[in-house]
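Across the two complexes that follow, subunit A remains constant while its partner is subunit B and subsequently subunit C.
Presenting the complex of A and B:
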């Protein structure tokens, strides 16, 4: 049912029914939000499909459906906001259900800890977001993004510094949400402690929505960002790329490794959208689609292995026991590592090209170093799968899950040969 | 009265709240500090709203209040769950997940 509804939304966003101003001009469906809506729907449909057993197994099916759909509605608000009030509401509608879902295994202490950390840091970063919005409002006198952009040029020096502080605080809040170093420390804990399907939801839908909102925010303030602030954001990209990949290389727990890998992709996406800004939509849409599908494959197979503490050794000999899952994971890992000619390589290449076009050659070098480090830990998993198996074979995948993996792989390969956006 | 005083006061409140969240060990006190941060923002919004002579900022404050209430409801539920499992609200015992 949910899948059908999302398919309908996807169809509607494909059919070009003109730009619409919604909710008292606080959100709009336009050239910016439509592609992101499509990405969100695609990832959402795949997620509902791949993880539908999460809903079947639990006693409170209806609650979970309601919560995930609420949070999806928040994601839609976040990609189509034109008013900072809508941004705030979108962030909260997205986050609050996910706090609940993160702690949905009530008797599991690790799940509790994950939910608590996620809630605390989420509320904390909302505080920063609001303070930033308040300062921007104080300087400009409006919450509307278009009016803010129009008024930025004619501000008194006092108001200019208010806007700059507001901008920094808001970007810091976003950095919490997308888990960019040094604001990433909650992410590995939360991703590890939450149920695997919810982790998959967080690293795909939640992250893509937050990035789309961040890009829109950057574009509204394009040209008004002083050099020092720009350098601070570049430093954020640098730290995220390096810290995530260095720490990931030493991980034994696969779920945690995937968390750090997702942080490293945050670094790439942040680099891409901040160095290009205007017109970076295509880059971000492509990157998030490629990254999202590969993550869904990885987390689906991780969930199939079932261990809450998934050690790398769980993948041992998978190529012999469960070929389809193993091939799908290999494809996802190679794509995420950015091995040419796969889609992940094209996505990373576009990011680095954007960085070099912005005159940040050093960031290109950092990005390449980070990819090299990433190859090491992705290959750790791949190599283990080639080893001969000793334990009993894994359970078979259900037919629908096989089809899910086939479709994901096909989409990933399709994006490789036909980079649409 | 100058807007700056409101700015100073709400910044001070916000910083007290932020440091409280970071340094306090008791989860309930942490929640209270988050509320302090949000209320600092509310104060600032209302002050700016008066300066600009608009209602926008005040309407935003209503949104913040509603969302803060929803957030606290979820947060306290999470805390109850933790208390049931661990019989404590001290956040330093939450250290199952590391590195």
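Presenting the complex of A and C:
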């Protein structure tokens, strides 16, 4: 079953290379969406591969499969939409299966709490999204992104303010989806409570899809965003960077720590795409790929430790007990912390360079401070792994999982030496 | 093409060392000696071609405007020679010591060597930054795995501190990059961009870059990570940190600070020089009251590097030449000092100078060689320390007489703390800790002998070394004057 799904996704990703532009009226496979689809498929395949045992263990395998693939379809809609209605559909298709998956451990209180919280707040944000889209539609009279961009210049002042409110509301909805502060409160609880594979899915595929959609949305409104609104978005970046890293520094639970780390990466990605907007695709593609692979490594190893509470001490002495996993985690942590010359550094660097080019020098300083804080908490994990071990839970990784880690590390290093995009 | 082996030899050695198991020490020593031979060959090529700068460049990440460009002129060559000399010594010094997983230790050391060599020959701002940071990762892990008590906290502080500084340097580089017409990090383009800035902007860029170097050297008040880190670092780590790594910062001042924002340095440099002089005096006074020999070396290192920084920032021939020579001498002397520490501490188990005494009576050879190193550290004429410090103080004196005079005090203060350490450990009665003291082994004698030969040889006849960098330094100063 697992292999079947893998092949399906593989096929999907290969078809991207050959396909000519398939234009529906509401979505298109073009220069924008294709790289993101590739990223999504890469992450998706890696995810299915790394976490395939999740499906083997659960009783209702087929359900889980259907749900994940269904949500993956939503992600595909989100990266290729050209129509706001399609965007909304994509968001919902993506989210609803994830709400279910988050609560898939039915007997677990935390899992249920996570699912419920995610669902409730997710529904709330969908409301925002719908409201925002409606306002934009009301002002412009169309859902089509291209037409919206064309008509933005010739709006009456009244309609302009409508569009602005719609823009802010939609961005707020996205900020919820990507967990940008102050819309992030659900994230640590949900990430902690959900089964680790689902958390990994949320921080990779879901987040990348939401960011791609957000970038497309920004690009459609490029030049029409008034200064005050722009400042609001920059404030969002600032808050996300600071809050996430400050809170993460004091976390002891690794899953929560990874949640805050993921929020901090949200801050970086948001800063990058909002500062650059036009032409930020490459930046975002690169960032999401690097961040996604590093996250998959971290969550895979976390899942290997198999402790749903996952205290930081679980990593203790791992360098001695399980060298491959430890080295992979060190690599992932160094990359996420943005230590040169690893890919994570180049990704963060591009973000800061974009912010600097947009004249947001202060945001660069904030970003620098944020990445310093980030080093502090990523290194906490590394330091623990170096400590001598006392109790050795000497479980070996399966061969396929070893290969998975090798492939992920190789990809990460490959992206370092040869930053393709 | 000539320059690639400078990176590849240590890098390949690191890989081979990692997989060579028990023979790790021989493999790494062989690699580093090979590297040294290659550097000699480069020196020969450099001199026979009339000291032409050797260059190499291939595109790397065109989207970011950065290319993989290397260059080797006299200044870079001096530093390359330094690491080529010091590296085999550091490896050899740890030959007879017990380190667990030593193949990993040596592989990390060689990796660090590659990164440091890269930072000495990088001709692209981004590339320099990348090498600068890569060098930090192995030393962090060396200190974390083989370090002493409290290493987790101390190494993290060290890492965060240096990272903070270097991120500001990166910020300054990005700022310059945006002022280059064709959006590139190439050295020459950054020079032009920096010089086209207004004085106030140059001051900001100066502050950003200087912060990175001031932390790495370190200079008061950014030094707090250093004594602790040196103290917990395993001896080879400490040797690398102070022997080669801090020279990345002093080299950076010559290559990546003074020519980038010359007017900024002329305008605001006095603050930096002032800090450096404060640093000299502060560290010297603390050294005088140190009880622990290793901490004393750490603070002495701050004092010396402060003098180097002050001399370099005086921006004249004597200052810069003196700085380069002193970097070389300091690298070798530091290895000697730390090695004496290592010899004593493996025998007595303590580096507390109050508990030691009379070692010279037991082991006169060690006493004599230690004395030679001490004399060089206090800059006695006919030792290598003298050449560098003399030039540095001349340079600084031309820049500002008051600061020059204050910095000159460092030699007197140096005499106090170095002689005091010699007296306490080597002379007087034999204390309890030293009672079962064993004489030094042949390996130890050999290494100290090499250090002593270098000290005296170079002290008596410094001309060939001075000649290596002279032309490049003059060119650099001419470039600034325009």
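Everything that follows uses one rule, which is that the second predicted complex is superposed on the first by the 396 of 421 C-alpha atoms of A that agree within 3 Å, B and C clash if a C-alpha of one lies under 4 Å from a C-alpha of the other, contacts with A are read in each partner's own complex, and residues count from 1 in each chain.
By our rule, a residue touches a chain if its C-beta (ideal position, glycine included) is under 8 Å from a C-beta of that chain, and two chains touch if they have at least 3 such contacts.
Because the structure is predicted, anything quoted here is derived from the model rather than measured.
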Which of subunit B and subunit C A:63 touches, first, second, both or neither: neither
Partner chain in contact with A:311 - subunit B first, subunit C second, else both or neither: neither
Which of subunit B and subunit C A:120 touches, first, second, both or neither: first
Per-residue touch tally on subunit A - higher for subunit B or for subunit C: B
Contacts of A:141 with subunit B and subunit C, given as first, second, both or neither: first
Residue ranges of subunit A touching subunit B (in the complex, touch as defined): 85, 88-89, 92, 96, 99-100, 103, 106-107, 109-110, 112-117, 119-120, 123-124, 126-127, 130-131, 133-135, 137-138, 141-143, 188-189, 192-193, 247, 256
Touch list for subunit B against partner subunit A, complex: 3, 7, 10, 14, 17-18, 21, 27, 30, 34, 37-38, 40-41, 44-45, 47-48, 51-52, 54, 56-57, 59-60, 63-64, 67, 70-71, 74-75, 77-79, 81-82, 85-86, 91, 94-99
Sites on subunit A touched by subunit C in the complex: 282, 334, 339-341, 345-346, 349-350, 352-353, 356-357, 361, 364-365, 368, 371-372, 375-376, 379, 382-383, 386-387, 419
Residue ranges of subunit C in contact with subunit A within the complex: 61, 63-64, 129-130, 132-134, 136-137, 141, 144-145, 152, 155-156, 159-160, 163-164, 167-168, 170-171, 174-175, 177-178
